[in-house]
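In what comes next, chain A is part of two complexes: it sits with chain B in the first one and with chain C in the second one.
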Partner chain A sequence: MSAAKTHDEPAPPSGIDQAAEEPDTSIAAVVGAQAIELVGMGLEIASVFIRTLYYCFRGRPDFGAVVRQMFEIGNRSVVFLTVVMGFIGMILVLQGGLQVKRILPEFSMVGASYLELLVRDLAATISALMLATRVGAGIAAEIGSMVVTEQVDALRMCAADPIDYLIKPRFLASLVMTICLVIWAAGVAMLTGMLTAYIMFDVNPRTFFNLHLVDTGDLVVGLAKCLAYGAAIPVVAGHSGLTTHGGSEGVGWATTRAVVNASLAVIVLDLILSALGYVLLGP
Partner chain B sequence: MASPRSIEVKVGILILTATVLLAVFILVMGGINFQSTYALFVDFDNPGGLQSGAPVKIAGVKVGKITEIQFRGGEAPGGAGKREPLVRVKVELEKRYQQSVRDNAVFYVTSSSVLGEQFLALDPGSGDRPVLAENAIVRGLDPPRLDMLIAKAYDLLDTTVNALSGNKDEIGTALNGLSRTLKGTGDFFEKNGDRLDRIAANVEQITVDTQDTVREAKQKYVENPQIDRILANVDKTTGALAQDAPPLLADAKATLANVKRVSETVGGENEQAKIRQAIGDLAEIAKTTKGITQDAQEIASSVRRGKGTVGALVMDEQLYDDLQELVRDLKHNPWKFFWRE
Partner chain C sequence: MPPKKAPSAASPPPSDVGLLEEIGGGFLGAAATVGGMGMLGYQILRRLVTFRIDRAETLRNLYRMGVKSIPIVIVTALFTGAIMVIQAAPLVVRLGAQGLLGWGAGFGILREIAPLLTALMINGRVGANNTAELGTMVVTEQIDALRVLAIDPIAFLIAPRFVAMVTTLFLSTIFADTLALFGAAYGGLGLLGVEPKTFYNGLTSGLLGLNDVTSGLIKSIVFGIVIALSSCQYGLGVKGGAPGVGRAVNATVVASAAGIFVLDYFVSFTLD
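Moving on to the complex of A and B:
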């Protein structure tokens, strides 16, 4: 997130930055300002998240908006994710197989460990990174342009919280659709990996599709990651969109920030959930 | 954007596809098992690389899994010089296999290949034993400790290498000697092949003969009924002997006592002198008897020769006839005693 903020520095300052009119050049001041900014942004994102959760239970139900967002987030991403995860599956198995071939030419466990890796981590994380770029950018751009054109202010004037109107449907849609897309993407990656192993290393698909190493813990960790990413991407991107300042240039910065922050959020959540899964559910 | 209706359909299709995929995956994985299970506890000293979650297999078929591995060293100290197993492994087996796991089942750790993951194999035991109860605690067969083996092998190799490098000359000499010996032996065998063959044949013949002899001897001396009879007789004799010996011994004792008394009686000096005197008398009597016998002999021979009256009477037949005639005549004419003609 610091990378995003260093880029952000010359841009129109956000709320907290306005206090420091004359930038202090001492290292301590720079580090301190960055830290405060980081914590501030974390708190803002947390507040957006909590308000989103609140509106999920207390807000007005808008089923149509949720389905529209599901279509936008889910169905529009299927081809993109299929292509990406298909290639990722091929590359992973090819590179892994080449490494295995170098150590000992025995491929019976390649499939098993590949599937475990996929279920536990890679399917969810790589798909979520892809969704962060596509979905995150879309949300940030849409909300950012609404902010710039003062449509959000108009909503506020009508005593309607933009989080209830704009972020909540995207949040719910993303929660459901990330899980569906990740499952689909994992299936595609398994298929392409299996084909690659069969064509490149003559591994029997039955041998490859060995779910021996995949246990319930792996599946639980994988699905928990899906949920976390699905929740994180719209919240982070929506926050970026809502804090847009300036004109169309601000929308561009908001989009960039949304992609970078959402990707970082995915990576950080991946680390946290992997560690938690290792501690709670074993290796 | 498409109509709301078609959007809903498309979204629904995606969600359903993902749900079906997930369900199929879970079913294929079999990790979520709806079979009811029961617990067993297996004790090991060292279960090797066994980890919780590892499968339990009977003849390669997965029947359950390991749910817990707890270290319990020091929890229940054993008796003197004995140690309780250090590790207790909790195993969840599917209930439908419970009937086939008997109480002499063997639990051991093995791996699917040299580098494969380790699992707990289960030899279910024999059908005549009772079923292993739920929550039973059994002793597992510890896997072979490869690390210990390698350590020992390393030690051995080290010693061997040291010994070899330290005694190069001796080993060379010994090898030379061994080679010469082997060569000599080979030559010997080659040279005396025929003789060795004959010896072998002879030995074989001897063994055959010996076998026959032994068989015959067995027939003659072991299986013969005579032997049994002899043995029975001996048995009877010894029995009788055992029965009769005490009275016989008593008699012999009494006899010996008498003999002793007699010898004591006879042994005195006076008695000896008397006996000697008696023997002398006896000798003299015998001498006199001899003279008498001689005289009688002479008389008898004179008689035989017909000398003297008796001789004539015995030896002269004429006289005998005359006497016979006289007697007959007297018998017929008794008057002749009184009257002369």
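Moving on to the complex of A and C:
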């Protein structure tokens, strides 16, 4: 790389795209344009989702592709997810313990509340945010590269819908693997949380592993979240990949958009499902 | 057998390496990446100490990374605040203590959730974008062109991005803290019927201190450094056209996310 180069700052050649920043009009126009763009994108994503569902029932069955994608989405995410969820378990129990310590120095309920929180929300949501990052970026980068190198156009020329060939296998694979991965992630987070509670706050693992706060409602909400995230991530990322344009910069943009949109989708779905679960199934 | 017997007919093809080799290779790769990030950090630091940093480029990056990320930060923070209230609800309903809601949600938001989720969203938007941009520059040989013109690419491209990213994340976290508390207060009103005034009293009743806020803000600086270093490192290491850029973006978001969680634990652990 560059060693010590002695020079004063030269005039930067950055004036090229400074003028290309958007023309700033009134706030209403900017917000309105953003809103219209958002609604348009939502409709496009919905259309991709509906077509994916249609092809799941009517398209050509391709188990090989689904299994390959399951490997790609599932097995290759295990190490990443294990590391992240292991640390999340430690962080949450540490923070929860510190929080409890301020009002009552009694840690017997930390385990029960932590497990409830994990089952109804955090295992699914944090794993899904990580999968949105890893799987979403992967799907968008792969499909985006195919679009840029005109392989998707070649598919269309062969009268094959790219949604049937590319998105459906990822959708089915993600649906199955998200549930498996979330269950694994929840196990890892429980284990590291238990160890942290034992080491930091001297909570007996037997006391910690207290499942009496976890009821059917929590489990239903948690699994519903798994399904919703598993469906949303490949559809949102696939949409970003398919709308790629421009060369390698376009692929980068598509990947960025996939990560942001998939993460936002996870957060929005989380709020919707949490609120629904709270209203329908009680606290 | 000579120790350096590079690919011959006897050595297995690289496609079916053993498990041990795969694990070792993974660790070596991770170590090389972290080492590269450290070297890059040192180089950036040397430019920053001597003020060899391009001011116009810094301002431009602050605008592109900071101002343009505001909508995402707003949406994320408002939704997260509301989610935190729903998750704290069972506690409040069970204990019948509405005054605890502000404390329960506020503690989680300020110390953990707001810095973490803001960092994840900024990682997705700014980090990935930065890698893509630098990667495209590498692929189209623009970095080499800069070197040919005797412009130091670290001082001109990398250091401004580093400064802009760390600043962006720090300011966004302050912004997100506020908005998430706002979302939590009104989420509590809508879902649990807890008045925002009660929520505010719970926040300021003395159970939460300034060190809860600073702990979150210190985290945001650490996360900003991680995101900036990893996205620049992966962006500069791109090889092989458009698919290479896609792979690099994928690798950088994964590496930064893992780094964020790992360092989050250690920062929480050392600060408490």
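One rule holds in what follows: the second predicted complex is superposed on the first by the 259 of 283 C-alpha atoms of A that agree within 3 Å, B and C clash if a C-alpha of one lies under 4 Å from a C-alpha of the other, contacts with A are read in each partner's own complex, and residues count from 1 in each chain.
The rule we apply is simple: contacts are C-beta pairs under 8 Å (C-beta built on N, C-alpha and C of every residue); 3 or more make two chains touch, one makes a residue touch a chain.
What you are looking at is a predicted structure, and each value in this text was computed from that prediction instead of being measured.
In the model built by aligning both structures on chain A, chain B fits alongside chain C without clashing.
By the touch criterion defined above, A:75 lies against chain B but remains apart from chain C after alignment on the C-alpha atoms of chain A.
Look at A:102: by the touch rule set out above, it reaches chain C but stays clear of chain B. With both complexes placed on chain A, chain A has more residues touched by C than by the other of chain B and chain C. Once the two complexes are overlaid on the shared chain, A:211 sits against chain B while remaining clear of chain C.
In the superposition on chain A, A:252 makes contact with chain C only, not with chain B. Using the contact criterion defined above for the overlaid structures, shared-chain residue A:236 touches neither chain B nor chain C, since it reaches no partner. Of the two partner chains, chain C is the only one touched by A:270; chain B is not. Shared-chain residue A:129: touches chain C; no touch with chain B. Nearest C-alpha atoms belonging to chain B and chain C sit 7 Å apart in the superposition, given in whole angstrom. Of the residues of chain A, those at positions 213, 283 touch chain B in one of the two structures and chain C in the other. Those residues of chain B that touch chain A in the shared complex are 1-2, 4, 7-8, 10-11, 14-15, 17-19, 21-22, 25-26, 28-32, 51-53, 55, 113, 115-117.
Within the complex, the chain A residues that touch chain B are 64, 67-68, 70-71, 74-75, 78, 104, 106, 108-109, 176-177, 179-181, 183-184, 186-187, 209, 211-217, 219, 282-283. Note for the complex: chain A touches chain C at residues 1-2, 5, 7, 9-10, 12, 14, 18, 21, 34, 79-80, 83-84, 87-88, 90-92, 94-95, 98-99, 102-103, 113, 116-117, 120-121, 129-130, 132-134, 137-138, 140-142, 144-145, 148-149, 213, 247-253, 255-256, 259-260, 263-264, 267-268, 270-271, 274-275, 278-279, 283. Residues 26, 39, 43, 52, 54, 56-57, 60, 63, 71-72, 75-76, 79-80, 82-83, 86-87, 89-91, 93-94, 104, 107-108, 111-112, 117, 120-121, 123-125, 128-129, 131-133, 135-136, 139-140, 147, 149-156, 191, 207, 241-247, 249-250, 253-254, 257-258, 261-262, 264-265, 268-269, 272 of chain C touch chain A in their complex.
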